[in-house]
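A, B, C and D label the chains in the order they appear, each numbered from 1.
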Amino acid sequence: MKLQSLREQALEANLEVVRRGLVLYTFGNASGIDRAEGIVAIKPSGLPYETMKPADMVLVDLNGEVVEGALRPSSDLATHLELYRAFPQIGGVVHTHSRAATSWAQARREIPCLGTTHADYFHGPVPITEALSEEEIEQGYELNTGRVITRLFAKLDPMHTPGVLVAGHAPFCWGATPAEAAHIAVVLEEIAAMALNALAINPDAESLSRHLHDKHFFRKHGPKATYGQK
Amino acid sequence: MKLQSLREQALEANLEVVRRGLVLYTFGNASGIDRAEGIVAIKPSGLPYETMKPADMVLVDLNGEVVEGALRPSSDLATHLELYRAFPQIGGVVHTHSRAATSWAQARREIPCLGTTHADYFHGPVPITEALSEEEIEQGYELNTGRVITRLFAKLDPMHTPGVLVAGHAPFCWGATPAEAAHIAVVLEEIAAMALNALAINPDAESLSRHLHDKHFFRKHGPKATYGQK
Amino acid sequence: MKLQSLREQALEANLEVVRRGLVLYTFGNASGIDRAEGIVAIKPSGLPYETMKPADMVLVDLNGEVVEGALRPSSDLATHLELYRAFPQIGGVVHTHSRAATSWAQARREIPCLGTTHADYFHGPVPITEALSEEEIEQGYELNTGRVITRLFAKLDPMHTPGVLVAGHAPFCWGATPAEAAHIAVVLEEIAAMALNALAINPDAESLSRHLHDKHFFRKHGPKATYGQK
Amino acid sequence: MKLQSLREQALEANLEVVRRGLVLYTFGNASGIDRAEGIVAIKPSGLPYETMKPADMVLVDLNGEVVEGALRPSSDLATHLELYRAFPQIGGVVHTHSRAATSWAQARREIPCLGTTHADYFHGPVPITEALSEEEIEQGYELNTGRVITRLFAKLDPMHTPGVLVAGHAPFCWGATPAEAAHIAVVLEEIAAMALNALAINPDAESLSRHLHDKHFFRKHGPKATYGQK
């Protein structure tokens, strides 16, 4: 069986978001890519997590052709592929309907950066896409969901803004690996819940100053990072 | 003992809503129907879940006559029966007092469709009944609770709107099987919690466009469904 | 050792509210009374729940004199005793700082009856006391906490309103037995959380009609009760 | 290995806030001090909790020089040290990003004392710092985070106000020991969640009267304390 490590990483990212409480039933999917091979491993559609194995991951190329796997891939496959094509730096994508982040997507509001927890991961608000047009919904809906994201990121660095809210739908997150993408999805849910609370306490709460935002983001990212054990 | 499979399905639906955290103490009940036999299996009234067995399910006919079972049936039996009589397509009914869905019922508001999680399951808002009249409360309260639901569904397809909020009370959900009815009850609780959050973030949040609503609902239901492994 | 059964019932009520998530650290206490003996068994003050035994319950008479027990009784003892003296029908008292009910106490609002979950247990709103005066706080604070409750109940039936919010403090609940008092405390927390949500959804949500309120309360209480297996 | 007991206490305080659900991933850190030795034991930066041992705690002096330990100390070390230098009564410091308390920090609001749960632990509101200036962020950010706290406490007794919200960031708590600091962090999260709820129910909820506030605080603290078993 091909690409055992990629299959395991994709499975593990799927399981991480389940363990963290972000997934009800099968409402979520994670994938990973092997850039050298040009192959994506993604969760199969509608399968229960309890018995899912690395061998159940479906391998597809960047055009969506199944390379290996007896199961049908996640119905959101085309969105994942569009992200992989547009963001060459990323190695994993995670989509969930986690409660608080999805609530922001339904409210059609970007999540302002109100605190350092947010600033540690996102260098700016968590953006929200525009709505898809009737035509984009009718034909190639999942692909167009990817495109409405990549259009929004024309002027954004996907490594500095590792996730997005799709208006009326739910978040997509990504990272250098499937594990990082899952980590972002979990943190985004926490950020979303805190921002909801903070605005309930003070509807006029102000975004973090650019200085403090930069301080926290670059304490964890880039050449001047000082966090962790390296 | 009659209808062992139906008893097991009804018990399992009762246990599923408990496992998912929708039931405090004994505040809920699930049932299933064998259409060929015209027999409903329903949870007994006020019995603890921990030791409940298939044999404890009470079998009744569609007029509410006990066919087999030493225990008294759920006090909401007459509501279940009215739903089975009015909606010939359904095979299971689940009633809970789950927190978020019940909060909407208490607020006497239908749940607008603000996102795709909702649209995947309900083809329209989650409707709310009108209040029962004094007479309907005095005589045949539980039956009239069913009737206030079926009146509301005169122009609604119960397979496209697989649940309802009874005003001032709580949700009733249904599906082709007891398992599906329980699944809907769990999803409704999530939908209700997200809608509550979304309106807290943005009181003017708009319902999903009809196009996107249709896209998601029919991706999962009907002849053009593409979700899952078949 | 005296009154082993009473000690066990009091311990079990203490543990039930812990198991149900109503108690952080030692923020709660339950007691029971043997009316024939005139003896109350109450949780000791500040002791961890994990290792608590029936023998740790402190036995006191209705004047608060310790009859048996090496430990100091709960600091809220005098409140419990005042309730036992004023409400001869009750056999158990439970006090917690459970999150949602305490939030209503802090908001200094009675909990209106917005739904049938509430009506199944309380025949009216969950009332809130007036504030204690400076003098009542200075001298005999815990006794006066009991008195501010019993004053409020001059015209209320404690078996129809089995709990109260002490303004700025937290709930006290009671019942025919310690187990019933604990059950009420758990249900009150759920009622409080739902009412908070319902008013967030609809600030003008109306209380249940008197007819529906009566229907639900008397379906479970009194000579015409039809709920459960007897 | 030096100071085994201090290492164990610091580790245990770290684990307590994890067990109580205050910590997502590695978002938190606890430390303890041996005043006689002038040595602080603190969590290492970015290490998983599951396998953390007393030997992983990093020992530093009050100037931040590592005395023993192969790992890099928590990135918030300088904040902890500033608190130990300014508050000679304290023996432990705990920092978390717990959801409700952090929401208040992001809302940039002090937490008013709305109830006795709060008054049992804080003799006044939970205060919030002013924002750091650009210069304070650029140079010595973590030290200046400590200083913005200690400046605020020029007129506050840190044993009567055992925690603070850093504006736009998150809480820091402290106590006579690492265990007490962790206990305060857990209670603060509960206080923060209740206050958020209470103001949602009643935006005009009033703070507890000074008399009742004093009664509760001094029932648990100081020479007249009557709570617990001593």
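General remarks:
To be clear about the criterion, contacts are C-beta pairs under 8 Å (C-beta built on N, C-alpha and C of every residue); 3 or more make two chains touch, one makes a residue touch a chain.
Not measured: the values here are computed from a predicted model.
If you take chain B and chain C together, no chain is in touch with both. Of all chains, the one whose CA centroid is most distant from that of chain B is D. Of all residue numbers that take part in the contact between chain A and chain D, under half occur on both sides, making this a different-residue interface. With each centre defined as the average position of its C-alpha atoms, the distance from chain A to chain C rounds to 46 Å.
Centre-to-centre spacing of chain A and chain B amounts to 33 Å, using the average Cα coordinate of each chain. Residue positions 199-200 of chain D are each in touch with at least two other chains. Touching pairs of chains, sorted by label, consist of A-B, A-D, B-C, C-D. The residues of chain B lying in touch with chain C in their complex are 24-25, 27, 44-47, 71-72, 75, 97, 99-100, 102-109, 131-132, 134, 137-138, 141, 168-170, 196, 199-200. Listing the residues of chain A that touch chain D in their complex gives 114-117, 183, 186-187, 190, 193-195, 197-202, 205-206, 208-209, 211-212, 215, 219, 226-229.
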